[in-house]
Amino acid sequence: MIIIMGLPGAGKSSVLSGVEGMGWKVLNYGTLMFEIAQKAYKLTNRDEMRKLPVEKQKKVQEEVAHRLSQEKGKVILDTHCSIRTAKGYLPGLPFSLLEKLPVDSIALITATPEEVMGRRKTDDTRVRDPEPIDSVREHDMMNKSLLAAYAAHRGCPARIIYNHDGKLEEAVRQLKQMLE
Amino acid sequence: MIIIMGLPGAGKSSVLSGVEGMGWKVLNYGTLMFEIAQKAYKLTNRDEMRKLPVEKQKKVQEEVAHRLSQEKGKVILDTHCSIRTAKGYLPGLPFSLLEKLPVDSIALITATPEEVMGRRKTDDTRVRDPEPIDSVREHDMMNKSLLAAYAAHRGCPARIIYNHDGKLEEAVRQLKQMLE
Amino acid sequence: MIIIMGLPGAGKSSVLSGVEGMGWKVLNYGTLMFEIAQKAYKLTNRDEMRKLPVEKQKKVQEEVAHRLSQEKGKVILDTHCSIRTAKGYLPGLPFSLLEKLPVDSIALITATPEEVMGRRKTDDTRVRDPEPIDSVREHDMMNKSLLAAYAAHRGCPARIIYNHDGKLEEAVRQLKQMLE
(Lines give C-alpha, C1' and ligand atoms only; values in the text may rest on other atoms or scores of the structure.)
Protein backbone atom coordinates (compact mmCIF):
# COMPACT_ATOMS: atom_id res chain seq x y z
CA MET A 1 0.00 0.00 0.00
CA ILE A 2 1.12 3.49 -0.95
CA ILE A 3 -0.44 6.48 0.82
CA ILE A 4 -0.90 9.68 -1.20
CA MET A 5 -1.68 12.91 0.60
CA GLY A 6 -1.90 16.50 -0.57
CA LEU A 7 -2.70 20.08 0.32
CA PRO A 8 -6.09 21.18 -1.13
CA GLY A 9 -5.19 22.87 -4.41
CA ALA A 10 -1.97 20.89 -4.88
CA GLY A 11 -3.60 18.89 -7.68
CA LYS A 12 -3.56 15.46 -6.09
CA SER A 13 -6.47 14.23 -8.24
CA SER A 14 -4.71 15.23 -11.47
CA VAL A 15 -1.52 13.46 -10.43
CA LEU A 16 -3.50 10.35 -9.46
CA SER A 17 -5.26 10.37 -12.86
CA GLY A 18 -1.83 10.17 -14.44
CA VAL A 19 -1.13 6.74 -12.96
CA GLU A 20 -4.41 5.09 -13.97
CA GLY A 21 -4.05 1.81 -15.81
CA MET A 22 -0.95 0.70 -13.88
CA GLY A 23 -2.91 -1.90 -11.91
CA TRP A 24 -3.31 0.09 -8.69
CA LYS A 25 -6.69 0.32 -6.94
CA VAL A 26 -7.29 3.83 -5.55
CA LEU A 27 -9.26 4.01 -2.29
CA ASN A 28 -10.31 7.30 -0.72
CA TYR A 29 -10.15 7.33 3.07
CA GLY A 30 -12.97 9.87 3.50
CA THR A 31 -15.25 7.90 1.17
CA LEU A 32 -14.57 4.65 3.06
CA MET A 33 -15.32 6.40 6.36
CA PHE A 34 -18.62 7.70 4.99
CA GLU A 35 -19.67 4.35 3.49
CA ILE A 36 -19.20 2.60 6.82
CA ALA A 37 -20.76 5.38 8.93
CA GLN A 38 -23.70 5.56 6.52
CA LYS A 39 -24.58 1.90 7.10
CA ALA A 40 -23.79 1.78 10.81
CA TYR A 41 -25.46 5.04 11.85
CA LYS A 42 -27.83 5.75 8.92
CA LEU A 43 -26.16 9.01 7.91
CA THR A 44 -27.47 10.78 4.82
CA ASN A 45 -24.58 13.18 4.12
CA ARG A 46 -20.90 13.62 4.95
CA ASP A 47 -21.39 16.64 7.19
CA GLU A 48 -23.18 14.41 9.70
CA MET A 49 -19.91 12.48 10.23
CA ARG A 50 -18.33 15.31 12.20
CA LYS A 51 -21.37 15.44 14.46
CA LEU A 52 -21.03 11.78 15.47
CA PRO A 53 -19.85 11.29 19.07
CA VAL A 54 -16.07 10.76 19.22
CA GLU A 55 -16.58 7.13 20.34
CA LYS A 56 -18.59 6.33 17.21
CA GLN A 57 -16.10 8.13 14.98
CA LYS A 58 -13.33 5.99 16.46
CA LYS A 59 -15.30 2.81 15.77
CA VAL A 60 -15.73 3.87 12.15
CA GLN A 61 -11.98 4.58 11.89
CA GLU A 62 -11.16 1.16 13.30
CA GLU A 63 -13.48 -0.51 10.81
CA VAL A 64 -11.82 1.41 7.94
CA ALA A 65 -8.35 0.40 9.19
CA HIS A 66 -9.51 -3.21 9.43
CA ARG A 67 -10.87 -3.19 5.87
CA LEU A 68 -7.69 -1.61 4.52
CA SER A 69 -5.51 -4.17 6.29
CA GLN A 70 -7.48 -6.90 4.45
CA GLU A 71 -6.70 -5.50 0.99
CA LYS A 72 -4.41 -7.91 -0.86
CA GLY A 73 -3.41 -6.20 -4.12
CA LYS A 74 -1.68 -2.96 -5.02
CA VAL A 75 -3.58 -0.21 -3.23
CA ILE A 76 -3.17 3.57 -3.27
CA LEU A 77 -4.82 5.15 -0.23
CA ASP A 78 -5.86 8.73 -0.98
CA THR A 79 -6.14 10.83 2.21
CA HIS A 80 -5.26 14.12 3.91
CA CYS A 81 -1.90 14.78 5.52
CA SER A 82 -3.75 17.11 7.89
CA ILE A 83 -7.09 18.93 7.96
CA ARG A 84 -7.21 22.58 8.96
CA THR A 85 -9.77 23.11 11.74
CA ALA A 86 -10.47 25.88 14.27
CA LYS A 87 -8.65 23.79 16.90
CA GLY A 88 -5.59 23.34 14.68
CA TYR A 89 -4.17 20.94 12.11
CA LEU A 90 -5.76 17.53 12.62
CA PRO A 91 -3.35 14.75 11.47
CA GLY A 92 -4.77 12.50 8.76
CA LEU A 93 -2.54 9.57 9.72
CA PRO A 94 -2.37 9.49 13.54
CA PHE A 95 0.02 6.76 14.72
CA SER A 96 -2.93 4.72 16.04
CA LEU A 97 -4.24 4.45 12.46
CA LEU A 98 -0.86 4.24 10.74
CA GLU A 99 0.27 1.23 12.77
CA LYS A 100 -2.69 -0.77 11.48
CA LEU A 101 -2.00 -0.18 7.79
CA PRO A 102 0.39 -2.27 5.64
CA VAL A 103 2.19 0.84 4.32
CA ASP A 104 5.17 0.60 1.92
CA SER A 105 5.71 4.30 1.31
CA ILE A 106 4.05 7.69 1.64
CA ALA A 107 3.90 10.63 -0.75
CA LEU A 108 2.89 14.23 -0.22
CA ILE A 109 1.76 16.11 -3.34
CA THR A 110 2.36 19.83 -2.98
CA ALA A 111 3.22 23.03 -4.90
CA THR A 112 4.44 26.50 -3.98
CA PRO A 113 2.01 28.50 -1.81
CA GLU A 114 1.59 30.92 -4.74
CA GLU A 115 0.60 28.09 -7.11
CA VAL A 116 -1.81 26.64 -4.55
CA MET A 117 -3.46 30.06 -4.09
CA GLY A 118 -3.77 30.56 -7.84
CA ARG A 119 -5.44 27.18 -8.32
CA ARG A 120 -7.86 27.68 -5.45
CA LYS A 121 -9.02 30.96 -7.02
CA THR A 122 -9.71 29.45 -10.43
CA ASP A 123 -11.21 26.25 -9.03
CA ASP A 124 -14.88 26.62 -9.93
CA THR A 125 -16.06 23.15 -8.92
CA ARG A 126 -15.59 23.44 -5.15
CA VAL A 127 -16.21 26.21 -2.69
CA ARG A 128 -13.20 26.82 -0.45
CA ASP A 129 -12.72 29.44 2.24
CA PRO A 130 -10.36 32.17 1.12
CA GLU A 131 -7.10 31.83 3.05
CA PRO A 132 -4.12 34.21 3.25
CA ILE A 133 -0.90 32.96 1.64
CA ASP A 134 0.95 32.75 4.99
CA SER A 135 -1.68 30.32 6.14
CA VAL A 136 -1.15 28.12 3.06
CA ARG A 137 2.62 28.24 3.73
CA GLU A 138 2.07 27.22 7.35
CA HIS A 139 -0.22 24.35 6.38
CA ASP A 140 2.37 23.12 3.88
CA MET A 141 5.14 23.31 6.50
CA MET A 142 3.04 21.39 9.04
CA ASN A 143 2.25 18.76 6.40
CA LYS A 144 5.96 18.25 5.71
CA SER A 145 6.72 17.92 9.43
CA LEU A 146 3.83 15.47 9.83
CA LEU A 147 5.12 13.51 6.83
CA ALA A 148 8.48 13.12 8.60
CA ALA A 149 6.77 11.98 11.81
CA TYR A 150 4.69 9.41 9.88
CA ALA A 151 7.82 8.08 8.15
CA ALA A 152 9.79 7.90 11.43
CA HIS A 153 6.94 6.00 13.08
CA ARG A 154 6.45 3.53 10.23
CA GLY A 155 10.08 3.22 9.14
CA CYS A 156 9.04 3.69 5.52
CA PRO A 157 10.22 6.12 2.84
CA ALA A 158 8.36 9.40 2.41
CA ARG A 159 8.57 11.49 -0.76
CA ILE A 160 7.57 15.09 -1.44
CA ILE A 161 6.29 15.50 -5.00
CA TYR A 162 5.97 19.03 -6.38
CA ASN A 163 3.17 19.44 -8.90
CA HIS A 164 4.30 22.78 -10.33
CA ASP A 165 2.22 24.79 -12.81
CA GLY A 166 2.59 23.25 -16.27
CA LYS A 167 4.73 20.38 -14.91
CA LEU A 168 2.04 17.75 -14.25
CA GLU A 169 3.94 15.16 -16.30
CA GLU A 170 7.00 15.51 -14.09
CA ALA A 171 4.88 15.00 -10.96
CA VAL A 172 3.26 11.92 -12.53
CA ARG A 173 6.73 10.59 -13.47
CA GLN A 174 7.87 10.92 -9.84
CA LEU A 175 4.77 9.13 -8.53
CA LYS A 176 5.31 6.35 -11.09
CA GLN A 177 8.84 5.83 -9.67
CA MET A 178 7.19 5.04 -6.34
CA LEU A 179 4.76 2.55 -7.87
CA GLU A 180 7.31 0.55 -9.82
CA MET B 1 -7.25 19.19 28.51
CA ILE B 2 -5.61 21.74 26.23
CA ILE B 3 -1.82 22.03 26.22
CA ILE B 4 -0.33 25.49 25.63
CA MET B 5 3.36 25.80 24.80
CA GLY B 6 5.49 28.73 23.72
CA LEU B 7 8.94 30.01 22.90
CA PRO B 8 10.38 32.18 25.72
CA GLY B 9 9.51 35.73 24.68
CA ALA B 10 6.48 34.71 22.61
CA GLY B 11 4.17 36.16 25.25
CA LYS B 12 2.45 32.98 26.37
CA SER B 13 1.58 34.45 29.78
CA SER B 14 -0.12 37.49 28.23
CA VAL B 15 -2.17 35.32 25.89
CA LEU B 16 -3.17 33.06 28.81
CA SER B 17 -4.25 36.11 30.85
CA GLY B 18 -6.65 36.93 28.02
CA VAL B 19 -8.70 33.77 28.56
CA GLU B 20 -9.13 34.11 32.33
CA GLY B 21 -12.70 33.84 33.56
CA MET B 22 -13.76 31.28 30.94
CA GLY B 23 -13.83 28.46 33.48
CA TRP B 24 -10.48 26.90 32.65
CA LYS B 25 -8.00 25.93 35.36
CA VAL B 26 -4.40 26.72 34.33
CA LEU B 27 -1.74 24.31 35.61
CA ASN B 28 1.97 24.87 35.04
CA TYR B 29 3.95 21.70 34.38
CA GLY B 30 7.20 23.02 35.88
CA THR B 31 5.41 24.17 39.04
CA LEU B 32 3.74 20.76 39.46
CA MET B 33 7.10 19.04 39.01
CA PHE B 34 8.67 21.23 41.67
CA GLU B 35 5.79 20.81 44.17
CA ILE B 36 6.08 17.05 43.98
CA ALA B 37 9.90 16.95 44.02
CA GLN B 38 9.92 19.38 46.95
CA LYS B 39 7.87 17.02 49.12
CA ALA B 40 9.44 13.77 47.95
CA TYR B 41 13.07 14.83 48.04
CA LYS B 42 13.01 17.91 50.29
CA LEU B 43 14.24 20.34 47.63
CA THR B 44 14.43 24.00 48.50
CA ASN B 45 14.69 25.57 45.06
CA ARG B 46 13.97 24.70 41.42
CA ASP B 47 17.62 24.50 40.38
CA GLU B 48 18.01 21.40 42.54
CA MET B 49 15.54 19.57 40.28
CA ARG B 50 18.05 19.26 37.46
CA LYS B 51 20.58 17.76 39.86
CA LEU B 52 18.26 14.91 40.88
CA PRO B 53 19.32 11.51 39.52
CA VAL B 54 17.49 10.67 36.28
CA GLU B 55 15.57 7.86 38.01
CA LYS B 56 14.14 10.27 40.58
CA GLN B 57 13.28 12.82 37.90
CA LYS B 58 11.36 10.13 36.06
CA LYS B 59 9.41 9.22 39.19
CA VAL B 60 8.45 12.86 39.63
CA GLN B 61 7.33 13.04 35.98
CA GLU B 62 5.21 9.94 36.43
CA GLU B 63 3.58 11.40 39.51
CA VAL B 64 2.80 14.64 37.61
CA ALA B 65 1.32 12.66 34.71
CA HIS B 66 -0.76 10.66 37.17
CA ARG B 67 -2.12 13.80 38.86
CA LEU B 68 -2.93 15.41 35.52
CA SER B 69 -4.78 12.32 34.34
CA GLN B 70 -6.99 12.60 37.46
CA GLU B 71 -8.11 16.17 36.65
CA LYS B 72 -11.81 16.16 35.78
CA GLY B 73 -12.67 19.70 34.64
CA LYS B 74 -11.45 21.99 31.88
CA VAL B 75 -7.67 22.18 32.28
CA ILE B 76 -5.05 24.20 30.40
CA LEU B 77 -1.59 22.69 30.85
CA ASP B 78 1.10 25.35 30.46
CA THR B 79 4.46 23.85 29.46
CA HIS B 80 7.46 24.08 27.13
CA CYS B 81 7.45 22.72 23.60
CA SER B 82 11.20 22.19 24.04
CA ILE B 83 13.92 23.50 26.33
CA ARG B 84 17.22 24.64 24.85
CA THR B 85 20.13 22.89 26.62
CA ALA B 86 23.82 22.35 25.83
CA LYS B 87 22.93 18.83 24.65
CA GLY B 88 20.18 20.08 22.35
CA TYR B 89 16.45 20.77 22.34
CA LEU B 90 14.82 18.68 25.08
CA PRO B 91 11.18 17.89 24.15
CA GLY B 92 8.63 19.12 26.69
CA LEU B 93 6.07 16.47 25.71
CA PRO B 94 7.96 13.22 25.08
CA PHE B 95 5.59 10.50 23.85
CA SER B 96 5.99 8.63 27.16
CA LEU B 97 4.40 11.63 28.93
CA LEU B 98 1.95 12.58 26.17
CA GLU B 99 0.35 9.15 26.08
CA LYS B 100 -0.63 9.46 29.75
CA LEU B 101 -2.44 12.80 29.37
CA PRO B 102 -6.11 13.21 28.32
CA VAL B 103 -5.22 15.78 25.62
CA ASP B 104 -7.87 17.31 23.34
CA SER B 105 -5.66 19.74 21.44
CA ILE B 106 -2.30 21.48 21.56
CA ALA B 107 -1.32 25.08 20.84
CA LEU B 108 2.06 26.68 20.24
CA ILE B 109 2.25 30.42 20.94
CA THR B 110 4.97 32.06 18.85
CA ALA B 111 5.98 35.27 17.07
CA THR B 112 8.54 36.23 14.44
CA PRO B 113 12.18 35.77 15.57
CA GLU B 114 12.58 39.57 15.38
CA GLU B 115 9.62 40.13 17.70
CA VAL B 116 10.89 37.48 20.13
CA MET B 117 14.34 39.11 20.20
CA GLY B 118 12.84 42.56 20.78
CA ARG B 119 10.75 41.33 23.71
CA ARG B 120 13.62 39.46 25.33
CA LYS B 121 15.71 42.64 25.29
CA THR B 122 13.03 44.77 26.97
CA ASP B 123 12.02 42.04 29.40
CA ASP B 124 13.31 43.36 32.73
CA THR B 125 11.75 40.77 35.03
CA ARG B 126 13.80 37.74 33.99
CA VAL B 127 17.42 37.21 33.14
CA ARG B 128 17.86 35.38 29.85
CA ASP B 129 21.04 34.51 28.00
CA PRO B 130 21.50 36.66 24.93
CA GLU B 131 20.93 34.51 21.85
CA PRO B 132 21.62 35.28 18.16
CA ILE B 133 18.51 35.59 15.95
CA ASP B 134 19.39 32.46 13.91
CA SER B 135 19.25 30.52 17.12
CA VAL B 136 15.75 31.84 17.92
CA ARG B 137 14.67 30.93 14.38
CA GLU B 138 16.08 27.41 14.80
CA HIS B 139 14.34 26.95 18.15
CA ASP B 140 11.05 28.08 16.62
CA MET B 141 11.48 25.68 13.68
CA MET B 142 12.25 22.76 16.02
CA ASN B 143 9.20 23.64 18.13
CA LYS B 144 6.95 23.53 15.06
CA SER B 145 8.37 20.14 14.01
CA LEU B 146 7.95 18.83 17.55
CA LEU B 147 4.36 20.14 17.57
CA ALA B 148 3.65 18.08 14.44
CA ALA B 149 5.20 14.97 16.02
CA TYR B 150 3.11 15.43 19.20
CA ALA B 151 -0.07 15.82 17.11
CA ALA B 152 0.73 12.75 14.97
CA HIS B 153 1.36 10.67 18.09
CA ARG B 154 -1.78 11.79 19.90
CA GLY B 155 -4.07 12.12 16.87
CA CYS B 156 -5.24 15.51 18.11
CA PRO B 157 -5.33 18.93 16.43
CA ALA B 158 -2.36 21.28 16.86
CA ARG B 159 -2.58 25.01 16.25
CA ILE B 160 0.15 27.63 15.81
CA ILE B 161 -0.93 30.97 17.29
CA TYR B 162 1.08 34.06 16.34
CA ASN B 163 1.19 36.70 19.06
CA HIS B 164 2.46 39.56 16.88
CA ASP B 165 3.48 42.95 18.32
CA GLY B 166 0.34 44.98 19.05
CA LYS B 167 -1.95 42.07 18.08
CA LEU B 168 -2.47 40.40 21.46
CA GLU B 169 -6.26 40.51 21.05
CA GLU B 170 -6.06 38.51 17.84
CA ALA B 171 -3.90 35.86 19.55
CA VAL B 172 -6.38 35.69 22.45
CA ARG B 173 -9.27 35.38 19.96
CA GLN B 174 -7.56 32.39 18.32
CA LEU B 175 -6.93 30.69 21.66
CA LYS B 176 -10.59 31.26 22.62
CA GLN B 177 -11.64 29.41 19.45
CA MET B 178 -9.79 26.38 20.81
CA LEU B 179 -11.45 26.59 24.21
CA GLU B 180 -15.03 26.85 22.94
CA MET C 1 25.13 6.47 23.68
CA ILE C 2 25.15 9.57 21.50
CA ILE C 3 23.82 9.30 17.92
CA ILE C 4 25.49 11.47 15.27
CA MET C 5 23.80 11.91 11.91
CA GLY C 6 24.54 14.14 8.95
CA LEU C 7 23.64 15.12 5.42
CA PRO C 8 26.19 13.76 2.90
CA GLY C 9 28.63 16.64 2.40
CA ALA C 10 27.98 18.17 5.81
CA GLY C 11 31.40 17.01 6.99
CA LYS C 12 30.32 14.55 9.68
CA SER C 13 33.60 12.58 9.43
CA SER C 14 35.71 15.72 9.97
CA VAL C 15 33.69 16.73 13.01
CA LEU C 16 33.95 13.20 14.42
CA SER C 17 37.75 13.25 13.92
CA GLY C 18 37.82 16.33 16.14
CA VAL C 19 36.59 14.41 19.19
CA GLU C 20 39.03 11.50 18.95
CA GLY C 21 40.92 10.75 22.12
CA MET C 22 38.06 11.67 24.45
CA GLY C 23 37.34 8.05 25.30
CA TRP C 24 34.36 7.53 23.00
CA LYS C 25 34.11 4.44 20.78
CA VAL C 26 32.69 5.33 17.35
CA LEU C 27 30.51 2.66 15.72
CA ASN C 28 29.13 3.02 12.21
CA TYR C 29 25.62 1.63 11.77
CA GLY C 30 26.08 0.72 8.09
CA THR C 31 29.35 -1.09 8.84
CA LEU C 32 27.72 -3.09 11.67
CA MET C 33 24.83 -4.02 9.36
CA PHE C 34 27.27 -5.24 6.71
CA GLU C 35 29.44 -7.22 9.15
CA ILE C 36 26.42 -9.14 10.41
CA ALA C 37 24.82 -9.63 6.99
CA GLN C 38 28.19 -10.77 5.61
CA LYS C 39 28.44 -13.63 8.11
CA ALA C 40 24.76 -14.59 8.13
CA TYR C 41 24.14 -14.50 4.38
CA LYS C 42 27.65 -14.71 2.93
CA LEU C 43 27.54 -11.32 1.21
CA THR C 44 30.68 -10.11 -0.55
CA ASN C 45 29.89 -6.40 -0.92
CA ARG C 46 27.60 -3.75 0.55
CA ASP C 47 25.43 -3.40 -2.54
CA GLU C 48 24.12 -6.90 -1.95
CA MET C 49 22.53 -5.73 1.32
CA ARG C 50 19.78 -3.82 -0.46
CA LYS C 51 18.93 -6.91 -2.48
CA LEU C 52 18.29 -9.03 0.61
CA PRO C 53 14.61 -9.85 1.18
CA VAL C 54 12.98 -7.39 3.59
CA GLU C 55 12.59 -10.14 6.22
CA LYS C 56 16.33 -10.83 6.24
CA GLN C 57 17.14 -7.11 6.36
CA LYS C 58 14.91 -6.81 9.42
CA LYS C 59 16.70 -9.71 11.12
CA VAL C 60 20.03 -7.99 10.50
CA GLN C 61 18.66 -4.73 11.92
CA GLU C 62 17.44 -6.53 15.02
CA GLU C 63 20.85 -8.13 15.51
CA VAL C 64 22.54 -4.72 15.18
CA ALA C 65 20.12 -3.18 17.70
CA HIS C 66 20.80 -6.08 20.07
CA ARG C 67 24.58 -5.65 19.81
CA LEU C 68 24.33 -1.90 20.35
CA SER C 69 22.13 -2.37 23.41
CA GLN C 70 24.91 -4.56 24.90
CA GLU C 71 27.57 -1.84 24.61
CA LYS C 72 28.60 -0.70 28.08
CA GLY C 73 30.97 2.25 27.62
CA LYS C 74 30.71 5.64 25.95
CA VAL C 75 29.55 4.99 22.39
CA ILE C 76 28.98 7.34 19.46
CA LEU C 77 26.71 5.75 16.85
CA ASP C 78 27.39 7.20 13.40
CA THR C 79 24.39 6.84 11.09
CA HIS C 80 22.10 8.57 8.57
CA CYS C 81 19.21 10.79 9.59
CA SER C 82 17.53 9.73 6.33
CA ILE C 83 18.62 8.18 3.04
CA ARG C 84 17.35 9.66 -0.23
CA THR C 85 15.80 6.91 -2.39
CA ALA C 86 13.49 6.87 -5.41
CA LYS C 87 10.61 6.06 -3.05
CA GLY C 88 11.43 8.97 -0.75
CA TYR C 89 13.45 9.78 2.35
CA LEU C 90 14.02 6.57 4.30
CA PRO C 91 14.39 7.33 8.04
CA GLY C 92 17.69 6.14 9.53
CA LEU C 93 16.25 5.83 13.04
CA PRO C 94 12.73 4.39 12.69
CA PHE C 95 10.99 4.24 16.08
CA SER C 96 11.21 0.43 16.03
CA LEU C 97 15.03 0.74 16.05
CA LEU C 98 15.25 3.83 18.25
CA GLU C 99 13.28 2.23 21.09
CA LYS C 100 15.88 -0.53 21.37
CA LEU C 101 18.88 1.78 21.74
CA PRO C 102 20.11 3.29 25.04
CA VAL C 103 20.23 6.83 23.58
CA ASP C 104 21.22 9.86 25.67
CA SER C 105 21.14 12.51 22.96
CA ILE C 106 21.12 12.96 19.19
CA ALA C 107 23.03 15.38 16.97
CA LEU C 108 22.53 16.35 13.35
CA ILE C 109 25.62 17.76 11.59
CA THR C 110 24.62 20.05 8.75
CA ALA C 111 25.66 23.17 6.79
CA THR C 112 23.93 25.58 4.41
CA PRO C 113 22.71 23.98 1.15
CA GLU C 114 25.27 26.13 -0.71
CA GLU C 115 28.14 24.83 1.44
CA VAL C 116 26.95 21.23 1.04
CA MET C 117 26.81 21.65 -2.76
CA GLY C 118 30.28 23.19 -2.84
CA ARG C 119 31.77 20.32 -0.84
CA ARG C 120 30.09 17.64 -2.92
CA LYS C 121 31.59 19.15 -6.08
CA THR C 122 35.16 19.17 -4.73
CA ASP C 123 34.83 15.77 -3.06
CA ASP C 124 37.04 13.56 -5.21
CA THR C 125 36.99 10.43 -3.05
CA ARG C 126 33.35 9.46 -3.55
CA VAL C 127 31.04 9.50 -6.52
CA ARG C 128 27.75 11.20 -5.73
CA ASP C 129 24.82 11.92 -8.02
CA PRO C 130 24.61 15.59 -8.90
CA GLU C 131 21.59 17.06 -7.11
CA PRO C 132 19.92 20.47 -7.56
CA ILE C 133 20.23 22.83 -4.58
CA ASP C 134 16.47 22.75 -3.86
CA SER C 135 16.79 19.05 -3.38
CA VAL C 136 19.62 19.49 -0.85
CA ARG C 137 17.48 22.08 0.96
CA GLU C 138 14.52 19.68 1.04
CA HIS C 139 16.66 16.82 2.36
CA ASP C 140 18.02 19.10 5.11
CA MET C 141 14.48 20.21 6.06
CA MET C 142 13.27 16.61 6.20
CA ASN C 143 16.28 15.66 8.34
CA LYS C 144 15.46 18.42 10.84
CA SER C 145 11.81 17.32 11.02
CA LEU C 146 12.90 13.71 11.48
CA LEU C 147 15.32 14.81 14.20
CA ALA C 148 12.40 16.40 16.07
CA ALA C 149 10.32 13.22 15.69
CA TYR C 150 13.19 11.06 17.00
CA ALA C 151 13.65 13.37 20.01
CA ALA C 152 9.91 13.42 20.77
CA HIS C 153 9.77 9.63 20.61
CA ARG C 154 12.85 9.08 22.80
CA GLY C 155 12.39 12.04 25.13
CA CYS C 156 16.04 12.97 24.67
CA PRO C 157 17.73 16.22 23.63
CA ALA C 158 18.50 16.77 19.94
CA ARG C 159 21.05 19.31 18.74
CA ILE C 160 21.65 20.77 15.28
CA ILE C 161 25.36 21.46 14.74
CA TYR C 162 26.33 23.67 11.80
CA ASN C 163 29.71 22.81 10.29
CA HIS C 164 30.16 26.01 8.29
CA ASP C 165 33.03 26.53 5.83
CA GLY C 166 36.20 27.36 7.77
CA LYS C 167 34.44 26.86 11.13
CA LEU C 168 35.21 23.20 11.82
CA GLU C 169 36.62 24.03 15.26
CA GLU C 170 33.34 25.63 16.30
CA ALA C 171 31.40 22.51 15.18
CA VAL C 172 33.83 20.29 17.11
CA ARG C 173 33.44 22.53 20.18
CA GLN C 174 29.64 22.12 20.04
CA LEU C 175 29.91 18.34 19.72
CA LYS C 176 32.32 18.25 22.67
CA GLN C 177 29.68 20.04 24.79
CA MET C 178 27.41 17.06 24.13
CA LEU C 179 30.06 14.51 25.11
CA GLU C 180 31.02 16.13 28.42
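Letters are used for the chains, namely A, B and C, taken in the order the chains are written, and counting of residues starts over at 1 for each.
Convention: a contact is a pair of C-beta atoms (placed from the backbone, for glycine too) under 8 Å apart; a residue touches a chain by one contact, two chains touch by 3 or more.
Nothing here was measured: the structure is a model prediction, and the numbers come from that model.
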item: Rotation angle (°) superposing Cα atoms of chain A on chain B, nearest 5; value: 120
item: Copies chain A and chain C touch via same or different residues, half shared test; value: different
item: Geometric centre distance via CA averages, chain C-chain A, whole Å; value: 30
item: Multi-partner residues of chain C (each touching 2 or more other chains); value: 145, 148-149, 152-153
item: Complex contacts: residues of chain C adjacent to chain A; value: 82, 85-91, 93-97, 138, 141-142, 145-146, 148-150, 152-153
item: Complex contact set, residues of chain B against chain A; value: 104-107, 144-145, 147-149, 151-160, 177-178
